[in-house]
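Structures are listed in the sections that come next.
Both complexes below contain chain A, partnered by chain B and then by chain C.
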Partner chain A sequence: MGQSFFEFFRYLSEYAFLQNALSVSIVLSVAYSIVGCFIVLRGLALMGDAISHAVLPGVAISYLLQISYFVGAVVFGLMAALGIGFVKENSKIKSDSSIGIVFSAFLALGILLVTKIQSSVNLNNILFGNVLTITNEDRILTYVVSGIVLLAVALFYKELLLTTFDETMAKASGLPVKFINYMVMIMLTLITVVSLQTVGVILVVSLLITPAATAYLLTNKLSSMLWVSTIIGVVSAIIGLYLSATYNLPSGVVMVLAVSCIFVLVFLFNRKTGLVWNKLRLRI
Partner chain B sequence: MKPYLLELSNLNVSYPNGIQALSAVNLKIDEGGLWGILGPNGSGKTTLLKAILGLLPHNGKVLFRAQPIKKSAKQIAYVEQKGDFDMDFPITVFQCVLTGTYPKLGLFKKPGSSEKQAVLNALDKLGLMQFKNRQIGQLSGGQFQRVLIARMLVQNADLIFLDEPFIGIDMESEALIIHHLKQMALNGHTIIMVHHDLKAVREYFDKLILVNRTVVDYGATEDIFIGEKLKQVFPYYHEVVLA
Partner chain C sequence: MSSIFLLTVMFQSCQSDEATIHTDDKLKVLSSFSILTEMVEAIGGDKVIVHNVVPIGTDPHEYQPRPNDIRFASGADLFVYNGLNLEGGEKGWFTKLLRSVKADPNKIFKIADQVTPLYLTEKDGSKEVNPHAFISPHIGIIMAEAVRDALKTVDPAHAGFYEETASEYILKLTSIDKLYRQKFGQIPEAQRVFIASEQAFQYLAKEYGLKEGFIWAIDTEENGSPEQLMHAIEFVRTYKPAVLFVESNVDTRPMKAISNETGVPIYSPAIFSDELGRPGQGADTYLKYLEYNLKHIYHGLTGNMEWSK
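Our next item is the complex of A and B:
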């Protein structure tokens, strides 16, 4: 293992594609770990899952029109988010059901389109991603989108905090609650779309939710949660890329497994709320 | 002539299922004083507060100093029922109270030393200094209600609404909170509070609003807290209270 770790660094210094994959993974993991905190705290985890699946027809249509997959995916992601809100607000159907209805319809449409234009779309890459094959164009797009999202969080930090913690007070005291809520949905869509290249449609929600949920178990302050989530996201991205490059495993899948292992360890063994410690305390 | 602090004209609120929650509410409130809103369960007390604050769709006029109330939202504070909060949210007592400074700060500005000092002063007044670094879920009901009052203090709003702040809290917290509310009313703030314990009404409030699907009557406590007026909203219970 030690030898392969050094080999990884040797490869890293030699191969530009590996350097690109590492830098993209780190930048992206910072962005999704931070956005993920607001998604977890606002109870929007299912929405993240829905958006990630709903972008599939957008990706397929983009290939068909020979435009960047990003444009189509963002358009369909936002359409799904708005569609879910529309069904919920204009009927007595609850949010989880409206998410299920809209996202499965979008996913079905996406699969249909991908199957029909299979020759030009690599379904495997959309479903599971591969950061090692990321193009220069997508790399720059990832940096720009992540930068915009992080800047938005920094600029609107206090509004994000208050609207997430106490939306009623935020509304009553005149804060732009609707604007912030739309901003969160747009950030979620953008990060989901740029993460597709790394982990694909199926697993992207794991990277959005798991680092944040793990940090949630460990912290008492939002600022600490953001830091801890970021560290967990970055560490699991590096571990994932290292194992992927060294043992020729799919990068996204390994990243998801790495962050899931960290979650299980924290869930069981953290000193404050860990399941094992709680059981031990009860016995004592 | 000085405009009313709050003026409601023909305010109507109906729920999506068609039920009329409040009809033809008319109310004029001058600056200053501690007002109690009284009425039976389901009479529309919380609905009235939420409609005034623009949290519920409604018809009619809601004016704050003769202007639409939305224009002055930063001058208004609302302490909702403590049961509406996510007590696992990663926020400490200090930060929770600090959020009271956010509305007046404006976009992009962060709280500075004066805002943080205001938070410390409020925590000190409400006897919460020893809990300032605790996560809110580690507090008792009374302690958390005091946190919400501390947050309201740092908001320093001209018009303050509270929705049943004394439900499920200890007597000591209730006494401390009412002391600070009275102090604020003396300093010119206007406080309007939904309240359910009729036995403490004379002691707590300068003025009352009786609600039963509309504003039935309002005015000075000594004029409103009498049998013939109370009978309109509490047809049986008023006799127990006034006995």
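Our next item is the complex of A and C:
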């Protein structure tokens, strides 16, 4: 283990693509760990999954129009988010069904477009992503988008906090609740779309939700939840990349497994609600 | 929730009545992919109707046949495919397609049957046959002969015609083969270093004396793992190719990462490996495809745009 860790540093110093992958993973994991906290607290976890799948037609259309995939993906991600809200608010259909309807329709449309365009852009690359081969433009895009999202959280921290925990109270005190809700959706879409490069459609939601959910088990305050979530996110990104480089494994998948392992450990052993402690307490 | 893999198109054999329509006396040939299709069209001339299964821009290694393919297949007189695992081998989609229409084994021809296979570099020692024999013109000749023999076997009435068109076609291939030898022969050995994304150019590299580098062995497997990238970077650092080539049907990001890392530029335009070019790209027939690749590889390696036949 020690030796392979040494080897990892040797690889890191030798190969720029690994350095890039590491910096992108760290920046992104900070961003999605923070946004993830609001997603988890607001009960929007499935929304993240829905958006990540719903961007597919946008990616295909961007390819067709020869524009950056980012634009198309964001447009379709937002359309899906708004569509889900619209169906829910204008019928008696509940949010989970509404998510299911909208996201699968978008996904099917995306797959149809990808097969019709017959682009050589491998569907696999969109579905799984590969942080190791991220281009310079995409890397800079990731930094910029993550920066904007983090800045937005910092600027509207109080508003986010209030609307997340007590929407009625927030409304009563004159906060633009709707605006804040839209902002969360936009942040969620942006962060999902830039993460496509790193982990792909299928695994994005795990990195978004799991660090935040793990932090939720460990903390009682939003500020500490944000910190803990970020630490978990960054640590699992580093561990994931390290294992990926050392044992030649696909990077995104390993990152997801790393963060999932951390979750399982916390779930079982945390002092507050951990399953194992509770069982022990019962015995005693 | 992410059950995308279940979305694979269901294509249970839809044997319709129109399957057996014989509107004309042309031979109905089902061909697995663009290069072979064009070859059958060139040799079969107006005696054949060829249905191409895998469209340009789609990976021939993994493919889901569409209703049209099944419909044509159920009335086809001849089935040709590359073999050498290009269409997924024994358990691949082409075998399934043939089985679903209960194709007569006497009408099925593996065109690369007479090709001596080369094997992909696998780290774990397992041998996997490299399907991309057709990239090299010397193999194109063998395949053209096989197409000719297949046509003659199922349509003996026009044997003379096929014989004639094929010998013309093979003559052209032979002169392209000569051109390959001549052009690559002119390049000093240290400069004959070629690298592309997939290890598809193995037959070509071996026959014409190029040193071949690659990122991944075959498109179907994982592309751009850390080890693959490091290997390719080491290759570039050791053998110092003049340029890096990308193929028309691959994700260019892994090669961009290598270009970034080594400072060696990526050659543009893309060359062709698994498929012909679309109309207008200058590689829409097999002969043009061979010439196109030679022209651009030669240009990339030498920096010499001078191109005279």
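Convention: the second predicted complex is superposed on the first by the 282 of 284 C-alpha atoms of A that agree within 3 Å, B and C clash if a C-alpha of one lies under 4 Å from a C-alpha of the other, contacts with A are read in each partner's own complex, and residues count from 1 in each chain.
Note that in this section a contact is a pair of C-beta atoms (placed from the backbone, for glycine too) under 8 Å apart; a residue touches a chain by one contact, two chains touch by 3 or more.
These numbers were taken from a predicted model, which means no experiment stands behind them.
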item: Clash-or-fit label for the pair chain B, chain C on chain A; value: fit
item: Touched partner set for A:I231, first chain B, second chain C, both or neither; value: neither
item: Residue contacts on chain A - larger count, chain B or chain C; value: C
item: Angle at chain A between chain B and chain C, C-alpha centres, nearest 10 degrees; value: 150
item: Which superposed partner A:A16 touches (first chain B, second chain C, both, neither); value: second
item: Which superposed partner A:L107 touches (first chain B, second chain C, both, neither); value: second
item: Chain C versus chain B - closest C-alpha approach in the superposed model, Å; value: 27
item: On chain A, positions contacted by chain B and by chain C; value: none
item: Touch list for chain A against partner chain C, complex; value: 11, 15-18, 20, 46, 49, 53, 107-108, 111, 117-122, 124-125, 127, 130, 132-136, 201-202, 244-245, 248-251
item: Residues of chain C defined as touching chain A within the complex; value: 1-2, 4, 7, 55-59, 219, 222-227, 229-230, 233, 248-251, 253-254, 256-258, 260-261
item: Residue ranges of chain B in contact with chain A within the complex; value: 53-55, 70, 73-74, 76-78, 80, 84-86, 89-92, 95-96, 99, 102-103, 105, 107-108, 110-111, 134-135, 155, 161
item: Complex interface listing, chain A residues touching chain B; value: 41, 155-159, 161-162, 164-166, 168-169, 171-176, 216, 219-222, 224-225
